[in-house]
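Both complexes shown next keep chain A, but they swap its partner, so chain B is in the first and chain C is in the second.
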Partner chain A sequence: MLKIKLSKLPILFDALSDKNKLYIPADTKGGARFLQYENGMTMTKELNTVRSPKDLFFPQTENLMDFKLEGKKIEVIDTREECEDFVIFGVRACDVRSFEVLDRVFLSEPIDTYYKNRREHGVIVSLACNRPEETCFCSTFDIDCANPEGDVASYICGDEMYFEPLTEKGSELLLNLSCLSEGSEAPVYECKRNIYEIKSKLPLSTLSAEKFGKNMTEYFNSDKWDELSEACLGCGTCTFVCPTCQCYDIKDFDTGNGIKRFRCWDSCMYSDFTKMAHGNPRVSQKERFRQRFMHKLVYYPMNNDGLFSCVGCGRCLSKCPISMNIVKVMKKLGEGKDE
Partner chain B sequence: MNNETLIPVIGVVTDIRIDTPDVKTFRVVTPDGNKPFEYMPGQCAMLSIPGVGEAMFSITSSPTNTEYMEFSIKKCGCLTDWLHKMEVGQYVTVRGPYGNYFPVETELKGKNLLFIAGGIGLAPLRSVINYCRANRDNYGTIDIIYGSRSKDDLVDYSEIINEWMTEAGVSVHLTIDREQEGWDGHVGFVPNYVKELNPDINKTVLVCGPPIMIKFTLNALKELGFTEEQVYTTMELRMKCGVGKCGRCNIGSKYVCKDGPVFRYDKLGALPDEY
Partner chain C sequence: MQEMMKKKAIELLQSGEVARVLGWKKGEFDYDITPAVFESAEEIENEFIYNSLCSPNLSKYLVKESRKEGKTLIFLKPCDSYSLSQLITEHRVIRENVYAVGIECYGKTDADTIKEKGIKGITKITENDGVLNIETLYGTEKIPVYEVLRERCVNCKSKKHPVYDELIGEEGETVDDCERFDEVAKIEAMTPEERFAFFRNELSRCIRCNACRNVCPACTCEKCVFDNDASGIAQKAASDSFEENMFHIIRAFHVAGRCTDCGECSRVCPQNIPLHLLNRKFIKDINELYGNYQAGENIGNRSPLTDYTQSDAEPNIVYERGGKDNA
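Entry: the complex of A and B
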C-alpha cells in the first residue's frame, strides 16, 4: 500500500501527467467531468461525473476515415493516429465495471481496433466511494464500491490517499513515484468498513437483479411496458449519460473537399434508429423504450454469461427529465415474479 | 475477412443490368479486376457511396463465380436511388462478407431443395441456387417457386428461362400477382401457389421475400405438413456496422448482421416478435 497526503496530490498529478496524458474528474460549469489535467486543476468533491468516462475509450464522435472523390473514383484515407498512453484517475467502481461491459462488445471478434487501441493505452486508477448516494445501486450487480477494480485502486482515508496496484500496468504506473510513501493497511480497512455501513442503509441496497437475464419472451410480452414507457420523451439522455450504452451511428460529412466518415453515439430511444426505407419495426416509443431495458437486463446478460449491461451508477436516475429509470423498470417488471 | 472491419475496400462497377423497372444488378470487381472477397451463399456486404450512405445488401452471385460479385438492388431509398443512377466505371466501397449463410455444406447437403422467393427476395436465393447447380452432385432435386407483382418484375428473367428452366433436375414454377397480357403462366400470390403445388413434405425449404410474403408462406408450409426445422429464411433490419456492435439490428439476444441473416424457422420463433 502506498500513500500521499491529500494536500500533496498536485505533486502526484504533475508527476503522472509528465509521462502520460492524465484525466481527472474536475468541476466545470456543467458539473463534474473527466478533463485532461493541467497544472493547478483539482479533483471534484462530487461523487461522480455527469457523463461517464466511456468516451475516453469510445468517443462521442470520432473520425473513422476519409474519402477522396474524383469523378467516378474513390480513395479511402486512413486517418487514425497513434494513441498515446493515458491515465484515468479517480474512476468509480461502477464505471470501472462499465469498461468490462464495453470490452465484451468491442473486443469480441471481430475486434474493434479503434476501441482496442485506446483501451490498451489507458491505465485506470479507481477510487473507492466513501459516500455512496441514494441513487447508487452498484451492489445490485455485484459491484463493490469499497473495493473498486482497475489497474490501481485508491482510497481516501482522512487527509491521506492510499494506492494499491492491482495489475502489472498499475504497478508500473506507481514505480519510482517519489511523492508516494509506504502506508499501513489499517486506515484502508477502516475506510471500507465505513463504506459498507453507509451502503447498507441506502434505499436501493436491497434491489436485486436475480429475476433478469432470462425469460426473454415473457418479459418482452409483459403488459407493463405501456405504463412504464407512457411518459418517455425519447430524448435519449439516459443513453448518453449511461456508461454502458454503446450503440452507434456511422455518418458521412461532406467537407467540400472530400468526405469525412464519423462514428457517433446513437440511441435506441430514437425513432430513426431502426427506420428503413420500407418502414420501422419499432413503431412507437414503447418498443424503443422496451428495447433499451430488455437489452440491458435480458439480452446482454444472455449473451455475456449473466453479466448485466447496467452498473448501477444512478446517472439515469438523476438525469431523466420524467424521472423514469431502470430501477423503476426492474421493480415493476419484477412484481409478482418472486421465485 | 479484412481485419479492419469498418474500413472498406474499393470496388468498380463493371456492368449494370436492368432487371425490372426498379431492380438493377451491379457487377463489382476490385480496381485490378478481381473479386473483392470470398463469401458463402446468403452472406451480405456493405456497399457505400461516401457522402451518400452505406447499407447492407445480399450478394446475389454464387461464390462459385470466381471473377466478380453481383448485387441485385431494388430502388427504394436515398442510397439505392443513387446506385441506380450510376454508370459503368463508378467506384463504390465494399466491405464484408457479413453474417452467416445457408448451410450448403452441412444441413442442405444431399437434400431435395425447395426454393421459394418473392420479388427481390430472389437476390439472396439466386446465390444458393447457382451454388447448388455448380455442385450438382451434392444435392437432390431443385424446385424453385418464384413470384412477383408482374412479368416485368421477375428479376433476371433471362437466366431463369434460359438456364434454370432448361436444366435437368431443376424445375421452376413462376407466378405473378395479376393477369397480364402475354403471360400464360400461373397467376396468384406465392403462398397460395405453394399450397396448390403441394410439394413433397420431405423437401428442405429456403424462403426469401418481403416479410408479409414470408409470414404467409411459412403458414402455408405448416398447413402442408412441413416442420419448422425444415424451413430456412432470412431477416433484414437496419444495420450500420455489420459486426454486431452498433446495436441497430439487435432483436432479442441475436444480431441479424452477425447471427443472421439466415435463420432456421424454429430458431426464429424463439425470438421476440419485432421484425
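Entry: the complex of A and C
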C-alpha cells in the first residue's frame, strides 16, 4: 500500500502527467467530467462524472478513414491518430466494470482496432466510493464500490489517499514516484468498513437482477412496456451518459474533394436507429424503448455468460428528463416473477 | 392541493366526462416524478402526485393524447397553460378533446437544483408550509422551496392561465416586474467577441441528445429535419465543432415567435446549457421591434413574425442595433 497526503495530490498529478496523458474527473459548468490534467486542475468532489469515462476509449465521434478521389482512382487513407499511453484517474468501480462490458463487444472478433488501440494504452486508477448516493445500485450487478478493480485501486482515508496496484501495468505506474510513501493497511480497512455500512442503507441495495438474463420472449411480449414507455421523449440522454451503451453509426461526410468516413454514437431511442432500406425495424417509441432495456437486461447477458450490460452507476436515474429509468423498468417488469 | 386534484380527477373519470388523466406519477424517490396517463381511480389513488417537485410541462403530451378517443384531463401550471394555448393556436392539439384544469403554482424545484446545493444521497423529501424536509444518507436538511426554485420560476412571467376549463386554487396575474430579460441584457452588453465566446463555451458541451428539442412544446414537427436522412443535413454527430452551435441557433429561430418561454429546454439539458437564453433573446427582440408580445397569451394570436403591420421594423434596423461595426 502506498499513500500520499491529499494536499500533495497535485504533486502526484504533475508527476503522472509528466510521463503520460492524465485524465482526472474535474468540475465543469456541465457537471464533473474527465478532463486532461493541466497544472492547477483539481479533482471534483462529485461522486461521479456526468459523461462516463467510456468517452476515452470510445469517443462520441471518430474519424475512421478518408477517401481521396482522383479521376477514377480512389485512395484510402488511414486517418487514425497515434495513441500515447494515458492514465485515467479516479474511475469508480461501476465504470471500471463498464470497460469489461465494452471489451466483450469491441474486442471479440472482428476486433475493433480503434478501440483496442486506446484500451491497450490506457491505465486505470480506480477510486472507492466513500459516499455513494441514492441512485447507486452497483451491488445489483455484483460490483463492490469498496473494492474497485482496475490497474490500481485507490482509497481516500481521512486526509490521505492510498494506492494498491492490482496489475502489472498498475505496479509499473506507481514505480519511482517519490511523492508516494509506504502506508499501513489499517486505514483502508476502516474506509471499506464505512463504505459497507452506508451501502447497506442505500435505498436500492435490495434490487436484484436475478430475474433477468433469461425468459427473453416473455419479457419481450410483456404488456408493461406500454406504460413504461408512454412518457419517453425519445431523446438520447440515457444512452449518451450510459457507460455501457456502445451502439454507433458509420457515416460518410462529403468534403467536396473526397470523403471522410466517421463513426458516431447512435441511440436506440432515435427514430432512425438501425434504419435500413426498408425503414426502421422498430417503428414506435415503445419498441425503441424496449430495445434499450432488453439489450441491457436480457440479450447482452444471454450472449455474454450472464454479464449484465448495466453497471448500476445511476447516471440515467439522475439525467432522464422525465425520470424513467432502468430501475423502474426492472421493478415493473419483475413484478410477480419468481427469482 | 394534491388531494383536491385527485378528487377532481377521480370524479371526472368516474362520471365518464374524461377517458384519461395526464398528471405526474410518483417515482422511486420523492423527486423522480414521471409524466403519466392515468386511466382509473385506483391508479390515481396510488400513484398520482402533485408537489413542488412536479416540474415537467405536460402540455406537449396532448399532441398525442388529444387524438385518442374521449377527452383527456390535463393539469396545467400557469406556464404549461401558455404552452397548451400556443399548441391549440398551431392546431397541434384538438381543443375539444381536452379538459384543462388550471392549478395554482408558486414555483417548482427539482433534484438537480437541490443537489446543486450540495445535498446528496436524498432518500426522502416531504414538504410542509413551503419548506422541504430532505432526508439523506448523510443526515437531514431543511430548505425552503423558494431557495431552490428553478431559474424560470425565480423569474416567473405569469401566474395566470390563458386556457382552462376550470381552476383549482386561485388565478394569478402576469408578473409585471419579472426580471427574465436581465440575463439577456447582460449578454447584449458584451462585445461581439465576448458574446461569441460565451455561447461557444456554453454550446460546446452539447452531446446532441436532442432532449431540448424533444421536450419543447414548440417543436412538434412530425419529422424533424435533423432526423430526416433524406434532408442531407441529418447528422448524429457534428462534422465540425460549430455544428452543435448551429443546431441550437437554428432551433431557436424555428421556435421564434412561438416559444412561450416555458424553460423546459434548460431543465432537461444533461449538460446544463442555458438554452432558454437564446429563446429569450428572440422574445426580447420581438418585444422591442414589434411591441410586447407573449406567445400563448391568447388562443389564435398571430405572432408578429407571421403577421404584417405598417409599423413593423424595417430590415435596416440591424444597422442601428449595433450590427454596423461587424458588417
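The definition used in the following text is that the second predicted complex is superposed on the first by the 335 of 339 C-alpha atoms of A that agree within 3 Å, B and C clash if a C-alpha of one lies under 4 Å from a C-alpha of the other, contacts with A are read in each partner's own complex, and residues count from 1 in each chain.
Following the convention adopted for this analysis, a contact is a pair of C-beta atoms (placed from the backbone, for glycine too) under 8 Å apart; a residue touches a chain by one contact, two chains touch by 3 or more.
Owing to the predicted nature of the structure, the values given are computational and were not obtained by experimental measurement.
Asks: On chain A, do chain B and chain C fit together or clash when superposed?
Replies: fit
Asks: After lining up the shared chain so the two structures overlap, which partner does A:L69 touch, if you call chain B first and chain C second: first, second, both or neither?
Replies: So A:L69 only meets chain B here.
Asks: Quick one: angle from chain B through chain A to chain C, Cα centres, nearest 10°?
Replies: Rounded to the nearest ten degrees, it is 90.
Asks: Just to be sure I read the superposition right, which of the two partners does A:A186 touch: chain B = first, chain C = second, or both, or neither?
Replies: A:A186 contacts neither chain B nor chain C.
Asks: Go through the superposed model and pick first if A:K275 touches only chain B, second if only chain C, both, or neither.
Replies: both
Asks: Identify the partner contact of A:D249: answer first if only chain B is touched, second if only chain C is, both if each is, neither if none is.
Replies: Once the two structures are laid over each other on A, A:D249 reaches both partners.
Asks: Once chain A of both complexes is superposed, is A:D266 in touch with chain B (first), chain C (second), both, or neither?
Replies: Both: A:D266 reaches chain B and chain C.
Asks: Should A:I77 be classified as contacting the first partner (chain B), the second (chain C), both, or neither?
Replies: A:I77 contacts neither chain B nor chain C.
Asks: Between chain B (first) and chain C (second), which, if any, makes contact with A:L6: first, second, both or neither?
Replies: Neither partner.
Asks: Please work out whether A:F106 is in contact with chain B alone, chain C alone, both, or neither, and reply first, second, both or neither.
Replies: first
Asks: Just to confirm the value: shortest Cα separation between chain B and chain C in the superposed three-chain model, in whole Å.
Replies: For chain B and chain C in the superposition, the minimum C-alpha gap reads 8 Å.
Asks: Once the complexes are superposed, what residues of chain A are shared between the chain B interface and the chain C interface?
Replies: Shared contact residues on chain A: 249, 266, 275.
Asks: Which of the residues in chain C come into contact with chain A in the complex?
Replies: So the residues of chain C in touch with chain A come to 27-29, 31-37, 56, 61, 111-112, 115, 120-123, 136-138, 202, 205, 207-211, 213-215, 223, 227, 229, 234-239, 267-268, 270-273.
Asks: Would you mind writing out the residues of chain A in touch with chain B in their complex?
Replies: Residue list for chain A touching chain B: 64-65, 67, 69, 72-76, 78, 105-106, 108, 110, 112-114, 216-217, 220-221, 246-250, 252, 254, 259, 261, 263, 266, 268, 273-278, 281-282, 287, 291, 294-295, 298-299, 302-303.
Asks: For the complex, give me every residue of chain A touching chain C.
Replies: Residues 28-31, 47, 50-51, 60-61, 131-134, 198, 201-204, 230-231, 233-237, 239-241, 249, 251, 253, 260, 262, 264-267, 270-272, 275, 317-319, 321-325, 327-328, 331.
Asks: So in the complex, the part of chain B that touches chain A is made up of which residues?
Replies: Residues in contact with chain A: 1, 3-10, 49-54, 76-77, 80, 87, 89-93, 236-238, 240-241, 243-248, 250, 252-253, 270, 272, 274-275.
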